[in-house]
Each structure stands twice: as structure tokens, then as C-alpha cells.
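Structures follow.
Each of the next two complexes has chain A plus one more chain, namely chain B in the first and chain C in the second.
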Partner chain A sequence: MELIKGVGITKHFGGVKALSGVDFKVEQGTIVGLIGPNGAGKTTLFNIVAGAFPPTSGTVHFEGVDITGLPAYKICRRGVARTFQVTRPFGEMSCVENVAVGVVNHQPDASRAVWTQRAVECLRIVGLEGFESTEARHLNVVQKKKLEIARALATGPKLLMLDEVLGGLNSQEIQDAITFIRNLRDQLGLTILWIEHVMGAIMQATEKVIVLDQGRILMNGSPEEVVNDSRVIHAYLGD
Partner chain B sequence: MTISLGESRLKSTPKILLCLAGLAVFALLPWTMGVYNQHVLIVCLFYTMMAASWNLLAGYTGQVSFGHAAFAGIGAYVSGILVVKAGLNPWGGVVIGTLCAAAFGFLVGLLCLRMGGIYLSLTTLGFSEILHIVINNEYEITRGTMGLQVPGLIENYSKIAYFYIFLAGALITLAVVYRLVHSNAGLNFRAVQNDERAASALGVDVVRTRLLAFTVSSALAGMAGALYGHYMLLITPHLPSLDQQFLVLSMTVIGGLGSFVGPVIGAFSLEILSEYIRAWGEYHVLVFGLVALFVARFAPKGIVGIYKAWRGKYRAATA
Partner chain C sequence: MFAIASMNGLVIGVIYALTALGVSLVVGIMNVVNFAHGEFYILAGYFSFLFANALGMPIIAAMGLAVALVFVFGLLVEYTLIRPTYGDDMYSLILTFILSIVLQNAYLFIFGPYPNKPPGWIKGATNIFDLFFYGNQRMAALVAGIAVIVVVFAMIKLTWFGRIIRAASQDRGMAELNGVNTTRLNMLSFGLGCALAAAAGVILAPVFPVTPTAGVPVALTAFVVVVLGGMGSMWGCIIGGLILGLVENLGAAYLSTGYKHVFGFVILIMVLAIRPSGLFGRKEA
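Showing the complex of A and B:
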């Protein structure tokens, strides 16, 4: 079953055509990579799916329901969570409180004890134990990315959209992160759409890869098909 | 689980006892002083209500409204006019004045929804000026700058009785602010203040959150204004004026924007101080404004922030 499906998604920013007629879908329970050169429109696609802004034209369906143009908070409450490429922590709130914002809007009746416990658990899942009462602005870049993931998990998502979460990690840490992301699917049953520039990670972790270039789908297929495709190599390396 | 979530929650039993003891002493204070000092205390409590409710909006959701004194004016005039022209009981007037201020707060909040920062400030400033002009010109109803004479809340005028009424008003205001800030809505308030886009991505209904803060804050200002009118027995356009607005702003900023006790400290210290420098005329508001600017620039958490930083250093040194 397809969890999310976009048809003909187009987005213009003034004269900039960030996306032009993008069709894509993600099957329930899969990990799908979204790759493409800088400025290809990957983050813009996330923004449209998550409701940060509406598309110029086209539709997005989640679990078969049309969610095009719904406000971000409603899409989140339906089960779509995203991280931000440039992290957006609530700087003056503690890590627990940062994550708790996701919890209380997912479970409005949660008492303080309940949301604290759930937030602490999410922080532990991403490896931020010990930072519970640290104000988020004191975290380093890698920790802020972990916090993004913890907050997204706290909203109880079905679809998790990760936007370049490996930046700043060394190769061992990248391996751990791959295991971590696969576990999110295998153990928590999440479906994952993942933007990443680290091709090795995409090769190892995903079942399917969508390639965007200049606002259009260049191709999609298995990781092996994608890395060996001359069009993809061309798009990345240029002429 | 031993995670500190805002200090006010932890070590709570001794802290609560200390607060209750302080409150008891404070409640006995007016019996030890003359009417003039009793009056100063009552005014302090009025400003506590104003500053604490403005802090809910500006300190916890980041909406720097310049219409807070105007909402107090709405509460006062609605109550005063209903009592004088329609013979309503003053307490009923206070309730309706509060509700009207809430309704106006909701509407102005709606108008300002898509605005932030300077645009919100300017729009609320405009609202405040419009209200001022209307009050000055609708002489038949408001008595303009002459002021509207209104009856008191109690049969036999007594400063001590008013002190307890204002103490109750201030405690209600503080309790409402405390409950909201420490509820799940309080998390949403601060999330919206820190980053609206991130908040909405986590499921926060930003529109609802901002409107809730605007409405509750305006209602509390309306209640403060209505009580004040029936205490002074005269409502003048000075209540909903920018002078008052900047005074409340200065109290909150100097005391500690976004902290629970900050506005209380700011309200008491500035009101008491202004009694001493009354001789300077209205210049004292100007001076407070300048001090507030200075504080906002160099110590954005105000007196409370300075105290916390000092205590942190002291603890580090003795640990």
C-alpha cells in the first residue's frame, strides 16, 4: 500500500521553478532515499508534503486522503513528521521541553509526568540521554540534528521525513546512524523518506531511491540501478 | 526520575511554605500603615495584574502588544458606563468589562495573527490611539478628559477592603498565568515564541495558541482596569494611554520578561520608586523607558535574570 503519493507537484518561487510536475510515492514500511544535486528541490518537496507552504499546483495524498494545502500542524497530527535541514531547535527551552512539544500535541491529555517520561524516552532513543535539562541552544550541530529526530518521533509519526541528518558525522558514526534509521523502520514500523548526500548511506539503507534534478524526477529505482545510471552520474558531475 | 524542569516545580514544599508565609505577612501589611501607603500598595497590586498579564503575551508568546493599557481602558469604561448609565451592580460591571476586553483582545489578536515583531506592535499601537481618540471625543458617554465618575465596589469606602479586593485580583491573575504557563498550552506558547515554523511542524496550532494568549491576557487587563476604575471612582483617558502602556512595559522588562515573578518585582519597585520621584512630573515614565531599553539590551531577563546569574556564580564558587 502506498502511504504517501504526490501527483504533478509544481512549486514556483517568483521566477524560480523549484519543482515542475513531480510524481512520487512511498510504499508503507519502506525506506526511500531522495537524492539530487544542490538546489534540485528536495527540501521544497518536503516543505510541500509537510504543509509548510502549499504547492503552486499538484496534489499530495496521505493514506489515501488528500492533504494538499492543509496547515503543517494538521498534517503533523495525521502522522507526518519531518526534520529540518537547517535545524530549528527551541533554543531557550530544555531538550525535554523541546521534545515534549511534539508529545503534547500528539496526546493532548498527557499529564506532565506522562509527557516528561515520553520525552525522556525519545531523547534516549536518539542518544541524547544526559541532556534532558540542557537548553537546546547549548547543543552542538550533531546533537541538534539528534534533537530534531527526537522531536519528530515524539509526534507519533507514520511517515518520517529526514532532511540530511548525517552532516558532521565520521564514518563510524554514519554506520551507527544507518543501523539506527533501519531500526526505526524495523522496530517502530515507520516509513521513512530520507534526503541525503552521503551516497554510501543511501546505498546501504534504502530499498528505493528517487532522484530529483532541477525540479524534475530524473529517475527512480533500486539503489544499484540509480548509482549506475548515466543520467544520474551526469546530473551530479555536470558536463 | 530526577530531572529539573523549571526550578519552580522542584523543592516545592519549602518554597510553597515560604511563599505562603510571605503572603500572610504582606496581607497584614496595610494594618500597619497610613492611608497614603495603603493607596501605594493597592496601585502596586494593580500594576502587578497589568504587568503579569502583559508578560503572558509578550514574555511567553513573544507578541509585544502596545494595546494592553487600551484593554484595561475597555474594561474600566465598559464597566463604568454600564454602572452609571444602566444601573448595573459594579461587580457585574467588572465581569462584563472583563468579558468585553477578552472579546476585543480576541479580535485584535485575529487582526494581528499574520504579523509579528514591529508590525504587531504598530497595529496594537494604532488600536490604542483609536480608542483614545474615541474616548476623548465621545464626551456624552465618556465625559472625555473630565473623566467619568463611577460608584465604588463597596458601600463604605475603605482602603483596607480595596487592598484585599486588589490582592485577590492579583492572586487570580498570577494563578491564571501560572496555570497556563505550566500547562501543555504553556509549552506551545514558548514553542511559538522560539520558532513558529518548527512549532507547527510539531503539531502546534499556532493561530489558536496566539489567540488564546491574546484573549486571556486582554481579559486580565480588562479586569485590572475595571477594578481600578471602581477604586479611583473616576475613569479618565489616562488609564488607556501610552504613558500607562510604557510604564507596564518598563515594569515587566526591568523585572524580568518571560519570568513568573519578574513582573511582580517590576511592578512593586517601579510603582514605589515613582512615588518618590513624583515631583519630576511625567518624566519618570521617560526615565523608566530608558532604563527598560538599557535592560532589554544588556540584561534581557531583567532583575530576575541578574539574580539568577549571580546565584549561579555564587553556587559555582561555593561548590
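Showing the complex of A and C:
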């Protein structure tokens, strides 16, 4: 069953066509990579799905329901969460408060104790136990990325969209992150749509890859098919 | 003279802090500069005067009702005037400026140019450490002002609603992606900002009577305090308000009453020359 489906998504910024007629779908319980050269429109697609801005035309369906143009908080409450390439923690709040913002809005009727408990649990899942009362601005880059994922998890997502979570990590950290992301799918049952430039990670972790180039779908298929496709190599390396 | 000028400075400083907190809240969350802030302050003064004098309500009830009504009026203003302007800060700036002129003239039309004053809460004066006699009403205003500030601080720092407010003022878009209904939050925080102006208004109205244009210097001072203390900093509002209140009153006592408002701006310019982001402001990255 497809969890999310986009049909004919087009987005113009003034005269710039960021996306033209993009069709895509992500099956429930899969990890799907979204790759493409810089400026291909990957982050624009994320923004449209998450509701940061509506598409110029086209529709997005989540669990079969049309969510095109809904405000971001409503899409979030339906179960779509995303992280940012450049992390955006609430710097002057503690880690637990950062994560709790998502919990409070996901379970508004729960008690304070439940909110805190759930926030602490999300921090534990990403391996930030011990940092509950640390202000987010004091975390290092890797920890901020983990916090970003914890905060996304706190909103109770069905679809988790990751925007280049591996940038700036060393090879050991990348291995750990791949295992972690696979566990999110295997143990928490999440569906993951993942923008990434680290091809090794895409090869290891994903079942399907969507390639965007200049605002269009270039192809999609298994990771092996994608890396061996001449069009993809051409898009990345040119003539 | 020093003691009594400081005391006056303290009272007015707390009121400045209270008004500035309202401005700061609205700027921090909505990025809207409310030029009608002073008119909301005056509106609450008129309401409390009306309820207490004309309808004969007990003054405390009149004050509570006045603040509640201004809160509702604030929600209404956000819904009808501010909400359609999101995305372009300039429109809301112009709209609130117009609103301030409209309200001033409405007050003039309805209440006339005369100063109106709700009844005081308590009479008499107290001898402070054998130094001077100070009006009980002003001392009560000081206590009430501090009490409201403490409540606001507790709400922002300790409650979950406060945490969401802080999250939204640090990164609005991210808060929305975490499921915060920012449209409703905007409405609430605008109402709350107006209610804080109203609280300052009802507290100070028995001391300084309300006139249709008495809100203008109050709002101007609140903007000075917010910039002096640093955008988005609650402590900045408190310290900035106190500094401004004290400097103005001591300056008026020792130098000249005519230049009262100049002292505040001199302090502002001095602080901004050394710390452009204000006393407690976050440095822009």
C-alpha cells in the first residue's frame, strides 16, 4: 500500500521551475532514497510534502487523503515529520523541552508526566540519554542531528523525511547512522523518505531510489539499477 | 529627593517593563510591531474608569473585566486586521498605526479631551524609613505590577504553553513542523500582549489619569525598552524598564523635568553604540 503519493507536482518560484510534473510514491514500510544533483528540487519536494508551501499545481495524497496545501501543523499531526539539512533546534531550550514541543502537539490531552516521559523516551531512542536538561545550543553537530530526529519522532510520524542527515559525519558515524535508520523502520515501523548525497549509504539502506534532475523524475528503481544507469551518471557528471 | 525620585522611578519602571513585555511577546512570536499598544493600554484605563465610576462596580472587578475585554478586543483585532497581512510585515505596521489614530479619535469623541481617573484602591500615604511619605496607591501599583510580571514569567518559563511560545519565538517554521498551530498561537499571543498593556493601564490609571493620547508616550517608551533590553529577551524588558524609569525620574529630579524623555533616548543611544543587540539581546549569527 502506498503511504504517500504525489501526482504532477509542479512548483514555480517566479520564473524558476523548481519542479515540473513530478509523480512519485512511497510504499508503506520502505526506505526510499531521493537523490539528484544540487538544485534538482529534492528539498523543494520535501517542503511541499511537509506543507511549508503549496505546489503551483499537482496533488499530494497521504494515506489516500488529499493533503495538498494543508498548513504544516495539520500535515504534521497526520503523521509526516521531517528533519533539516542544517539543524534547527530551539537553541535556548533544553533537549527534553525541544522534543516535548512535538509530543504536546501530538498528544494534547495527555498529562504532563506522559509528555515528559515520551520526550525522554525519544531522546533515548536516538541515544541522547544524559542530555535531557542540556540546552540544545550546547550540543555538537552530531548530537544536534540526533535531537532533530528525536523531535521528529516525538510528533508520532508514520512518514519520516530525512534531509541529508549524514553530511559532516565520519565513516564510523555513517555506519552507525545507517544501522539506526534501518532500526527506525524495522522496530518502529516507520516509512522513510531520505535525501542523501552519500551514495554508499543509499546503496546499503534503501530498497528503492528516486532520482530527480532539473525538477523532473529522471528515473526510479532499485539502488543497483540507479547507479548503473547511464542517464543518472550523465546527470551527475555531465558529458 | 534622591529616595523619592528612585521610588517614583521604580514604580514607573515596573509599568514600563510590563508594557514592554507585551510588545516583546508580540514582536517575538508574530514579528508584528503593534503601534496601537499604547491605545490598548488607554482602553483598559477607560474601561476600568467606566465600570467603576459609571456602573459602580468594585474597582478590582472593574480592573479584571477591563483586562479581559481588552484581551478579547486584541483577539478580534488579530483576527480581522493582522491575520490577512501575514507574510508582509509592512502591512501590519501600517494597519496598527492607523488603528492607533482611529482609537485615539474614538476616545476623543466618546470620552472628550478631559483626563479621566478610576477610583484609587487605597487611600493615604506611608512613611518610608522616616525618609519621605509615599502614596499608598503608588505602592500598591508597584506591588500589582510586580505580581503580574511574576505570573507572566511563571507562565512562559514553567508551563507547556509557555514552552511552545518560546519554541515559536525561536523558530516559527520549525515549531509549525512540530505540530504547533501557529495561526492560533498568533491570535493568543496578540491577545496576551494587549492584555499586558491593559494590565499596565488599569494599574497606572488611578495614578496617571487617562486621556485620549496618553498612550502614545507609553507605547514609545515600551519600544525603547524592548530595543534597550534586547529583542526577544524577557529579562531585557525588566532591566530595561527599570533603568529607563529610574533614569527618567532621577534626571527629571536633578536636571530638568522638561527633558524627562530625552534621558531615556540618550541611554538608548549609548547602549546601542556599545551593544547593538541591546543589553540582553541575542547576537545575530
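Keep in mind that, in the parts below, the second predicted complex is superposed on the first by the 239 of 239 C-alpha atoms of A that agree within 3 Å, B and C clash if a C-alpha of one lies under 4 Å from a C-alpha of the other, contacts with A are read in each partner's own complex, and residues count from 1 in each chain.
Note that a contact is a pair of C-beta atoms (placed from the backbone, for glycine too) under 8 Å apart; a residue touches a chain by one contact, two chains touch by 3 or more.
Owing to the predicted nature of the structure, the values given are computational and were not obtained by experimental measurement.
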Should the superposition on chain A be reported as showing a clash between chain B and chain C, or a fit?
clash
Which partner does A:A110 reach: the first (chain B), the second (chain C), both, or neither?
first
After the superposition on A, what does A:V120 contact: first (chain B), second (chain C), both or neither?
first
Which partner chains sit in contact with A:F62 here, chain B, chain C, both or neither? Use first/second/both/neither.
neither
Would you check which partner chain A:W194 touches, where first means chain B only, second means chain C only, and both and neither mean what they say?
neither
If you stack the two complexes on chain A, which partner ends up touching A:F131: first (chain B), second (chain C), both, or neither?
neither
Does the superposition put A:F24 against chain B (first), chain C (second), both, or neither?
neither
Looking at A:M93 after the superposition, I want to know if it touches chain B, chain C, both of them or none. Which is it: first, second, both, neither?
both
Touch count on chain A, higher of chain B and chain C:
B
Based on the superposition described at the top, state which of 5-13, 23-31 or 41-49 belonging to chain B clashes with chain C.
41-49
Dual-contact residues of chain A, meaning touching chain B and chain C, are 50, 52, 71-73, 76-77, 81-82, 84, 88, 90-93, 97, 100-102, 104-106, 112, 115, 151, 154-155
Complex interface listing, chain A residues touching chain C
50, 52, 71-73, 76-77, 81-82, 84, 88, 90-93, 97-98, 100-102, 104-106, 112, 115, 151, 154-155
Touching chain A in the complex: which residues of chain C?
160, 163-164, 166-167, 170-171, 173-183
Which of the residues in chain B come into contact with chain A in the complex?
1, 3-5, 182, 184, 187-188, 190-191, 194-195, 197-206
Chain A to chain B touching residues, read off their complex:
50-52, 71-73, 76-77, 81-82, 84, 88-94, 96-97, 100-102, 104-106, 108, 110, 112, 115-117, 120, 132-133, 151-152, 154-155
